[in-house]
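Let me begin by presenting the structure, written as structure tokens, before commenting on it.
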């Protein structure tokens, strides 16, 4: 570890984490826009691809800087866990949209729009939580985590409902069932990842309480 | 970490781990009962939901107490890994049952009953292993781990068989294939998690050998 | 940890890691051979099973030796992560082939052959990377990682294409769609695991730069 400086210029990990969280809200807002207005699909998919790439760059930057410094404002493992889990959300959103293209989906279902809407609210709560973590407003971080968990539970219920409807709505079209079952799974997994981020944040708060 | 006490009242992590493991056997026993006698479905599903909630409470208690003490009877990471993986088993069982409701399954398959039975035996071996870990009977912990692995292999074989049958049994009903393929996956994942618990236990035993 | 020796005979972790990586290439080469010439299926499946078992043995050996020594040539966690992720590749290849048998697949698709081919190239790059890591040729490790990432992107594209084709090629056969969607998933997951190995290798190189 020859390159590691013992007294490095302070690296602002929170700044990069916040940028990564804001990047997630861009992904979820683009997803919601895509689902609500299923127009300019190609351009919006391209936007999402770029957002996914930006997420990768931010994550690599955090990992690289973690390897260059001894001094971190919160535990090294927690920064890494936040960075990778935040990036996973973007990856899952991107993978879902990419599959919509592969599956040649002609129109989102009503449930997909609702899932995208709830997911978007969840990612906004993550940005607020990261900002309050940086400001050491630990009580407010906890409140945002409660909100993330509430929204994740909501997504769970919408997902269950969507899954049940699927077998009715497309009962003569197994291909559509196969496709939407997969796509709903991506949306649900994205919300699950938001909950993982909330769990990491709660762990950090606990250590600093 | 201002709240961390250097000489805390000894926290009995094994007691909570054992309670969490016993909770898993409640989940698998309820699952087996549900599958064997597909009556009072609503009440049994409600029971399973409460067992799942109880699992969450126990896991959070362990994590919270880990953050409050320096002194742990076995490595901190091992306690955390045991707690989260034991909780994952309950979550997977619950998620599977919840999907049965969503999919409006009218009757479990013969293979599902067998999988539930083997899974139940596996979780009972986990309780025994945790008890012997607490008593430092490391040789017997190892024996229980061998038994867990044996049962997991059995589940694997039943699962493979069930999957193959599925495409025959419901060859004109793709919806049922989609549904049971998903449900069998939950049962198999639950058994996989039991194997993960056994691997963690073997790692702990190795360190104390 | 009574059994841990402070001055142990130096354990050659790289030797076992290299053996594990070579074992992965055996798995992917057998897979490719199976797909290209769909003959002697039973014998090739048996070979793959033995390769999977060999992978387990090598992984256990690494974990066991890690627990017996303080002195490791690279970080302990990195050795463990390499070992488990390399083993995961073999497990995923084996699980995919095993499912082909369960699903009674009569003939691989053209896309499956291409995926197996690209996966085989990827695993060969992993062996080269491990060898150059052992020789401390860090620049060349990086080059192999870039190649692994390039191949993984290629697999991604082939996979997307294969998935899209599936719904056309078997539009009147939902069972085949269900089966191949699952099998393609295994092949894609295997390539993803190769990328995980590349990420771990890049992390190691970064620390030794």
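Think of it as A, B and C in the order they're written, each chain with its own count starting at 1.
In this text, a contact is a pair of C-beta atoms (placed from the backbone, for glycine too) under 8 Å apart; a residue touches a chain by one contact, two chains touch by 3 or more.
Bear in mind the structure is a predicted one, so any value in this text is a computation, not a measurement.
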{"item": "Same vs different contact residues, subunit A with subunit B, by half of numbers used", "value": "different"}
{"item": "Subunit B onto subunit C, rotation angle from CA fit, given as a multiple of 5 degrees", "value": "120"}
{"item": "Length of the line joining the C-alpha centres of subunit A and subunit B, rounded to whole Å", "value": "28"}
{"item": "Multi-chain contact residues (two or more partners), subunit B", "value": "174, 178"}
{"item": "In the complex, subunit C residues that touch subunit A", "value": "160, 163-164, 167, 171, 174, 177-178, 181, 203, 206-209"}
{"item": "Subunit B-touching residues of subunit C, taken from the complex the two chains share", "value": "1-3, 63-64, 67, 98-99, 102-104, 174-175, 178-179, 182"}
